[in-house]
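The first chain written gets the first letter, and so on, giving A, B, C and D; residue counts start at 1 in each chain.
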Amino acid sequence: MDTIYFVFQNSLLFTVPLVVVALGGMFSERSGIVNIALEGIMVIGAFFSIFFIKTFQGSIPPQLLFILAMFIAIIVGVLFSLLHAYASINMKANQTISGTALNLFAPAFAVYTARMVQGVSQIDFENNFRIPKVPLLGDIPVIGNLIFQNVYITTYIGIGILVVASIILYKTRFGLRLRACGEHPQAADSAGINVIKMRYTGVMLSGALAGLGGLIFVVPISTNFSGSVLGYGFLALAVLIFGQWKPSRILFAAFFFGMMKTIASTSTIIPFLADLSLDPAIYKITPYLATLIVLAFSSKNSAAPRAAGEPYDAGKR
Amino acid sequence: MEYVIEMLNITKEFPGIIANDDITLQVRKGEIHALLGENGAGKSTLMSVLFGLYKAEKGTIKVNGQVAKIHNPNDAKKYGIGMVHQHFKLVHNFTVLENVVLGVETVENGFLKLKDAREKVEKISKQYNLFIDPDALISDISVGMEQRVEILKMLYRENEILIFDEPTAVLTPQEIDELMKIMKNLASEGKSIIFITHKLNEIKQVADRVTVLRKGKYIATVDVATTSKEEMSEMMVGRKVLFEVEKGEQKPGEVILEVKNLVVKSKHSHKNAVNNVSFKVRRGEILCIAGIEGNGQTDLVYALTGLTPIESGSLLFKGSDITHSTIRQRSVSGISHIPEDRHKHGLVLDYNLAENLVLQSYFQKDYQNNGFLKFEAIYKHATDLIQQFDIRSGEGANSKTRSMSGGNQQKAIVAREIDKNPDLLIAVQPTRGLDVGAIEYIHKKLVEQRDAGKAVLLVSLEMIEVMNVSDRILVMYEGELVGQADPRVVSQQELGLYMSGSKREVIE
Amino acid sequence: SKPEDKGFELALITDVGNIDDKSFNQGAWEGLVKYAEENDITHQYYKPTEQSTAAYVDAIELAVTGGAKVIVTPGFLFGPAVFEAQDLFPEVKFVLLDADPHSEDWTQFRAEDNVYSIYYAEEQSGFLAGYAAVKDGYTNLGFMGGMAVPAVVRFGYGFLQGAEYAAAELGLADVMVKYHYTGNFDDTPDNKAKAASWYQSGVEVIFAAGGKVGNSVMSAAEEADKKVIGVDVDQSPESDTVITSAMKELGNSVYLALEAYYADEFPGGEIVTLRADVDGVGLPQDFSRFTTFKQADYDAVYAKLVDETITLKTNADGGNEAGVPDAAKLGLTAVKITVE
Amino acid sequence: MNKLLKSKGFQNASASILSIIFGFVFGFIVLLISNPANAVGGFLTILSGGFTGGMKGLGQTLYLATPIIMTGLSVGFAFKTGLFNIGASGQFIIGAFTAVFIAVKATFIPTEILWLVALTGAFVAGGLWALVPGFLKAYRNVNEVIASIMMNYIGMYLVNFMVVKTVFDAARNQSMTPTRAIIPKVGLDTLFNGSNVNLGIIIAILVAIIAYIVLEKTTFGYELKACGYNRSASQYAGMNSKRNILLSMVIAGAFAGLGGGLLYLAGSGKHIQVVDILAAEGFNGIPVALLGLSNPIGIIFAAIFVAYINVGGFYMQLYKFVPEVISIMVAAIIYLSAFSLFFREQISAFFKKRTEGK
């Protein structure tokens, strides 16, 4: 039982950031802008917020510091994503180009700036943000073990974002309009919706969530940051597609992937896997292979927003 | 006389073409004002300017005598202007209700409040006999229904000035009648309507006045009651147009296509889309499949051309079995296909006109040599067809087809398919959205094919076209052939009975 | 201003990692900087365009263009590059760490007078770490190496032998050691999860010998309230969980080499392995994070390494080609290895 | 002359050049901010790029351009046919491994042709690797982006595993040296003395030209593009759209795979490191393809340009600048090139005015 709890708790390490970032991608793509810059935005978000943590660590209580850092990550993510928004909305640029540029820019900028400011590219921080056990809730059998012990506050924030994102998408005027812009912007426009404004909002939301995702990805796995999120922005993109651009499925996809990754790296404490003693390479490959196989049998219909990737042109037939 | 809408001296240019050249349009309150013009005359553009989708280079717009600044559809909305676009602007994966409220949603603390909206939609739907199910997904409903949703959208917004851009092009005769009634109704309530159509009958039937455009220029505005159809069409194309299709006696020859017990599975329901259909097409005849949209005509054509697999039955073309042949094999053996959906199937919109005109023949000896395209021949071919079929576009053979007007896109397809010199021409709604001049031309081409001893299989929803062009009519209803008629003797009413399923006979 | 006017007399070239990797490269760089600053000598580091011998040689050439008189090349990947460069730039001195000059295909080995090759006895450093850990009461250990390169393998084998040695002294029958190479030098969620799973399964202390892998391990240790042993340099400032570090005196040896150069005593042509006897390896002199292990214990066992009472098995005779340890070859009885 | 100025190719090229100029200006500002004293010198070094090191520098430029021409082609070719091949990284490393494997293990093949056989192997292996996402896209409707991302990781782990099992140099934790299958230098090494440039650059350019001809001049290219633009229409026209999607992915993959072979058999002492890091060359293909407007000929120039300023960035270290500046500049250039539509409109408006003014 402990093993199950442990594996579950650890899979959150992968799942939560992937969900948050993929939801960001969802808002952008649902508004009609493909955002492959998620990776770059994560890097920039993590860079500034961790720099903030490093600066104020010790003078501000950990959980408060963490939350403040999240705000920084969000703001920076939004600002950075504006570059993508401007290029793809105002300039009608090819969205892959602009996204690629941001992906190229972010790590170089992070390393370069860190060196300029503090001499070295790594930014150290102390990871004292983990909550060993949530008071009261942590004692609930099973559930308490699963999600109220050894957690980061980000787990709850991630869950909160997921719930809020689904409500926004399906239950609000904003969500309806956003989806319309991603499916058929001409229809939205002729219904009097400001497509440009909606798309800006979509991209900025993706910036906010990807920036935040960068921070919450890095914090639990290391004690320093050096300008890389190891391709998890691209994995989030994969999760978004796997999740068919829908919140609940994004959760499923991220969880599936996170679980597979955790099992792969902790196979030796999982009894029946430990007995197999397979080559580690097999475990490393499994999450990706399994995803491919699942996709091969579940992708009959793609739910990609129809207008995603196309610059909006009012006169298009 | 007081005008609700005045568009004065409007000029709108696109790269390489002046779509509107100093056009003036004045609409009176409470009238149905028709806008008539050939394909590419600039009607949609003008309306898009009025609706705020395009910004005109020159000219003023006045609403109720006041100069109006309309920069986007939101401004148009403020002036009470609503528009049903030629290509519908509906979000395919939204429900009817969601599409209707889009942009004018009622909310409570930011959350959608659809209850009131639903009631209002149901009320309007009842009032105008629209029979709309607010919860149906757009992707599940028929084109006619989509049209009604567009109308409902305008009514829901309580617009006073309604623009209909070719609303009847995709409707069945019954649906057209319904629409005409609705429009009259609306006008009698004091709403002003701008009505774009190529069908002079419809103008005669409902419009008060008509403004005619030709090649981007204003020609005249006249009263409908005192102007004959012939006069209108002459204004429109600048010459006399024949309305009756001139054709000699048919001389049916050998059977060229034999369809035996054809069954095609439906993608959406358990019922077969095409159920046990058998018929023959002969050389020298135009056989027409008539019927209301959505009764299996599309699937039948897809099965004949190879786009959809056949469940059971067989196809014999020129005596050989093509049941399992590929699309290419059928095409090469002499079947041409003018598809129903020109954007989905007919054209590669990002290719230029020349490239599109060889879409069915690029692999032939004439256009390639050991796999290398012969561009000279391709462009020469394009120039020839452009001339021969009067295809108009900004940059000739080099025009991106995406930028061409709908009518000219259609002409390009017709040109390509007829130029293949097929033994069997399958033409699905070949004149949809075309002006009378173009329709006349295409009908003439179909008859020429027939007279040259080729077979033509025409699928049409257009009653007049069915009656005028065909030599023999088969009526399709719910995937089955339910009637056979001779256009020289059958009445429109009788055909209507077959089409609605009220009458059926066994076909040999 | 032409760069040659100023010039950089001392140069360092990085291979895989960055100059500020908090372990290997940084250790060497700090030694160089220390000497340069004390003596007011210009210095600079260079990054090759890609990871290839040719690119390393180009970087060396660039450094020479930039006026370098001594070039420090840390890392075994520099073996073939320095092999070429020693002939191309005979007037320039090379301090090659963790390697000796050899041809790309390992057929020729030759160190000219302008090359000083330094190896470190990582197995001794690892030995001390393993010894200290078991002596301090830990019986459930982990070794998490980065990639199975020779130096990392030596750390690992030494660690196992140190644990065995302590177990024998203490009369312990069972010391469990989980043994793993992560395949990278990064702080990834996978590495973190792996480390966390070890701690979860009862491992008390993990020796993290792989650059930033250590950061993942520390992160997991901080969560699980367990311990870490650092590598290369004293990593205790990075996390409170680091009880000690298996060091090699990178900075110091670079410093000494430079000192020798300026004293005209550059040990050109020499290939040395710095061992305990010259203080080339060791643990930091801070024993406060141990409970029972004391300076005296350390000094005692260190002396045995110095006088070679204790000799250790390394790459060739301790395991297989891929760096997987062999209990029999390493003479392990009390220590039970689980290779993952 | 006027015709040339108004031609699309000219306007495209001048739009790209404009973004390069603005990108340089941005880079200069970065340099100024970080180190004003050395900014001018550093910047001039970037500008003189490959020329900084004389013929050798130019040779290095061509050497560095070789693999990214191939991965750029891989991405660009797929783009042209409506697919986003983000999997060049995996295809590249699989190609690289296959080449090295053949080079080391196929001792029975004569040395004179071994390199050729190994490159062919790389080409085929890259193609086969892309067959998987191609097949999934064509027949199972799996988005090629996600399938390619998965294949990147699978490729990386598999190659690591295979290197260790087959051609492992344990002492350096990397693949063995493929001494017997080095791509000939064909005199380029004397022309560009001291550099690693070899026949590979000529192969890459030839492949690009062939790709151009296939795309623009042949019925096959016509089909591939038609299928990319409008799959339904290509079906209607009797093309086998599934086969085309599959082939287009396979060709793209083969290009990337060949790129891997060309780099690792270049004789520059490049080895496959057994590290869990995706091959960067694959991702570098994306900006190259974009800068080259997905046109194979444009891609040749784009790759050479990127290599050129990277060489400049390398030399710039003499001014105490970190080479990351180059990435920042390339990013700025790519970003601005996204505005090419805007630039093009400006340019064509400019020339229109001029001709009208006459």
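Convention: a residue touches a chain if its C-beta (ideal position, glycine included) is under 8 Å from a C-beta of that chain, and two chains touch if they have at least 3 such contacts.
Computed from a prediction, not measured in an experiment: that's the story for all the values here.
K.L.:
Give me the two chains with the most inter-chain contact pairs.
P.N.:
After tallying contacts for each pair, the winner is A-D.
K.L.:
Please report how many Å separate the Cα centroid of chain A from that of chain B, as a whole number.
P.N.:
45
K.L.:
What's the distance between the Cα centroids of chain A and chain C, rounded to whole Å?
P.N.:
Taking the mean C-alpha position of each chain, the two centres sit 36 Å apart.
K.L.:
I'd like the Å distance between the centres of chain A and chain D, where a centre is the mean of that chain's Cα atoms.
P.N.:
So the centre of chain A lies 29 Å away from the centre of chain D.
K.L.:
At least two other chains touched by the same residue of chain C: list those residues.
P.N.:
Those would be 183, 186, 188.
K.L.:
Would you pick out the residues of chain A that each touch at least 2 other chains?
P.N.:
Correct list: 111, 115, 284.
K.L.:
Where in chain D do residues touch at least two different other chains?
P.N.:
Chain D, residues with two or more chain partners: 160, 276, 322.
K.L.:
Linking chains that touch, what shape results: line, ring, star, complete or other?
P.N.:
Other.
K.L.:
For each chain, which other chains does it touch, given as pairs?
P.N.:
A-B, A-C, A-D, B-D, C-D
K.L.:
Help me check something: in the complex, which residues belonging to chain C touch chain D?
P.N.:
Listed in rising order, the residues are 1-3, 8, 16, 44, 46-56, 58-59, 62, 65-66, 76-77, 79-81, 104-106, 147-150, 182-186, 188, 315, 321-323.
K.L.:
Which stretch or stretches of chain D touch chain A in the complex?
P.N.:
Going through chain D, the ones touching chain A are 30, 34, 84, 86, 132, 136, 140-143, 145-147, 149-151, 153-154, 157-158, 160-161, 276, 278, 286-287, 290, 322, 324-325, 327-328, 330-332, 334-335, 337-342.
K.L.:
Would you mind writing out the residues of chain A in touch with chain D in their complex?
P.N.:
83, 87-88, 91-94, 96-98, 100-102, 104-105, 107-109, 111-112, 115-116, 231, 234-235, 237-238, 241-242, 279, 281, 284-285, 288-289, 291-292, 295-297, 299-302, 304
K.L.:
In the complex of these two chains, what residues of chain C are touching chain A?
P.N.:
Going by the criterion above, the answer is residues 18-20, 22, 26, 178, 180, 183, 186-194, 196-198, 200-201, 212, 215-216, 218-219, 222-223, 238-239, 338, 340.
K.L.:
Sort out for me which residues of chain B touch chain A in the complex.
P.N.:
Against chain A, the touching part of chain B is residues 48, 51, 53-54, 72-74, 76-77, 83, 85, 87, 89-94, 98-99, 101-105, 107, 110-112, 153, 343, 402, 406.
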